[in-house]
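These are the structures in question, set out in turn.
The same chain A turns up in both complexes below, where it pairs with chain B and then with chain C.
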Partner chain A sequence: MPEAQVKMNVRGAGEKASIIDVQGELTAFAEGVLMDAYNQASDGQVRAIILNFEDLEYMNSSGIGLLVTLLIRINREKQQLLTYGLSDHYRSIFQITRLDDAIAIHDSEEEAVRAANSA
Partner chain B sequence: MTDPKPARTDANIRRTLADFSVPSEPGNERLAMETVAETVRDLDIRGENLERLKTAVAEATMNAMEHGNKYRSEVPVEIMVLVEDRDLMVRITDSGSGPPPAQAGDVPDLEAKLEGMQTARGWGLFLIKSMVDEMNITGDDGHHTIELVVHLGAEGGK
Partner chain C sequence: MTEQTPQDETREEEKQRREPRDAAYWAHYAETLKVTGVAEGATNINVEGRRAVGPLQGFGKLWQKTYRVSLEDAEVTPVEVIKTWKENYKDFWPEGNLFYAPLAGITPGEVALISGSLPGGVKLSTGVMVLYADDESFSLMTPEGHPFSGWITFSSFEEEGATVAQAQVLMRANDPLYELGLRMGGHKMEDEMWRKTLENLAAHFGVHEPVETNLLCVDPRLQWSHYRNIWHNAGIRSALYSITAPLRWRRNRVRQD
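Entry: the complex of A and B
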């Protein structure tokens, strides 16, 4: 399998939340990187995962499928999934696929972190 | 990738803007997408409409490479970009055998996917249909073609 063209960095964001910075492409090849980042982000008392898409270069239907897989895990753990930094185009794709019903979309990191820690 | 051939003009005012192919290798859908975007640079399609066309081209090329050509790198995906009147058409052809993908297809249902009733994947054809004004699928014994149509102009694009 080709190497994933993506990097993910995990950092804390308050007592209840972690941020995963997504840099590059969210495709089928990103599965291992995304799930490793999720495992790292879920340590401790984290109840919310925030995906930072400010540096997302490309996402395809396989990437959408990955987000669904991540959502299944997050729902099972009774956690919450939030995002910020989505471009207008990917926001419209979230609306078309109804991912925006399950993943809270925010305009900024500050807003997403506030929402994650107040839930 | 083969180089895009120079444009030619048919008698019925249909113009071929590009005719090229990409090897069926993972990631080449982005090459196809960027080549089509460059080809239509001077047409009346930009902003979100252009982004939607790019996504449709990438998804259709990925489908062709994966399901049609089974990611055999020596089997190319053929891509033609044409303009006729106020329609932009992108035709993406693979060398798949068997019936072409169903035009209607199953509509992905996020709730069913989250409950494990549908696979997490399976968004491709739905995305393509959502991104362009028309999607037509044709096929014969040795080929499948997905035709993407965008109506150009102020009302063009979804």
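Entry: the complex of A and C
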């Protein structure tokens, strides 16, 4: 399979949350990178994972499938999944695929971090 | 006609810069599905006005099923495979299931009708929406009432120098009845259907390789909060539609007289 055209940076956001900055393309080839980032992000007492999509450049339906499996994994760990930085286009894709039923979408990092740490 | 100012041009350039590369590949959001043109023989009783549903809205266990075949012996690129698959989608399906392709073909947002059968020989009228389509993959998403809630992604890519064709289903049974049906032979029927589809696709390119199957239960829990999905069950509604056919015929005769 081709190499993943994506980078993910993990950083803390308060005691209970971690942010994963997604930069590049979210496709089937990003699975390993995304799961590694999640493992790194969920160390310790983290109760919420925040995905930052400000630098998301491309996503196909396999990428959306990855988010579904990530969400299931997060729910199993009794954690919460939040996002911010989605453009109108990607918000619309969350609506079509009905991911917005289960993943909280926020307008800014501040708002997402506040929601994650108050839960 | 209005002339464009430099500011307008800058705004347009900015918009184009921000327009993601995948924008043309995705269906646009619509609250409910709309079927444009019903092909002869197709029945549009379980699709029009229904919502598309993903793996999160279903009832049963969440499965990721992957079926793939290597097209190593064929001189064919992933783009050619997907082009062929889109153009001949219905011809690769095994006998007994009918896919009424949308007039515009496999393009984002289009809705296709399906006539199939469930375990026990129950006839089923349902459909799918084209969720995503690019040169190397396309995905179909199911409506409420379909046996499963989720999507199927058909893709082709190069692996170790060979072109591979793959179908990957991410699904939950839509309601408790379908979950029972899947456990009592439905999964086997479905696996056989996609294996046969890939065999037919490979045969089109002169390849007769075995289809690899990988079945992964991503979430074994049942989503009891979605048990009411049974209200839209297309199997039940299709059966009722068939049973009441004589009544509709009689009513139409009365109207004509």
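Throughout what follows, the second predicted complex is superposed on the first by the 119 of 119 C-alpha atoms of A that agree within 3 Å, B and C clash if a C-alpha of one lies under 4 Å from a C-alpha of the other, contacts with A are read in each partner's own complex, and residues count from 1 in each chain.
In this text, contacts are C-beta pairs under 8 Å (C-beta built on N, C-alpha and C of every residue); 3 or more make two chains touch, one makes a residue touch a chain.
Keep in mind that this is a model prediction, so the values were computed, not measured.
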Side-by-side fit of chain B and chain C on chain A, or clash: clash
Touched partner set for A:10, first chain B, second chain C, both or neither: neither
Partner chain in contact with A:115 - chain B first, chain C second, else both or neither: neither
First (chain B), second (chain C), both or neither touched by A:35: neither
Colliding stretch - chain C into chain B, listed as 4-12, 130-138, 184-192 or 238-246: 130-138
Set intersection of chain A contacts, chain C complex versus chain B complex: 1-2, 58, 60-62, 65, 68-69, 71-72, 89, 92-93, 96-99, 101-102
Residues of chain A that touch chain B when the two form their complex: 1-2, 5, 29, 58, 60-62, 64-66, 68-69, 71-72, 75, 88-89, 92-93, 96-99, 101-102
Chain A contact footprint on chain C (complex, rising order): 18-23, 25-29, 52-57, 62, 64, 131-132, 134, 137, 139, 141, 151, 153, 155, 157-159, 168, 170, 218-219
In the complex, chain A residues that touch chain C: 1-2, 28, 56-62, 65, 68-69, 71-72, 76, 87, 89-90, 92-93, 95-99, 101-102
Footprint of chain A on chain B - complex, ascending: 26-27, 29-30, 48, 51-52, 55, 58-59, 62, 108, 110, 113-114, 116, 119-124, 126-127, 130
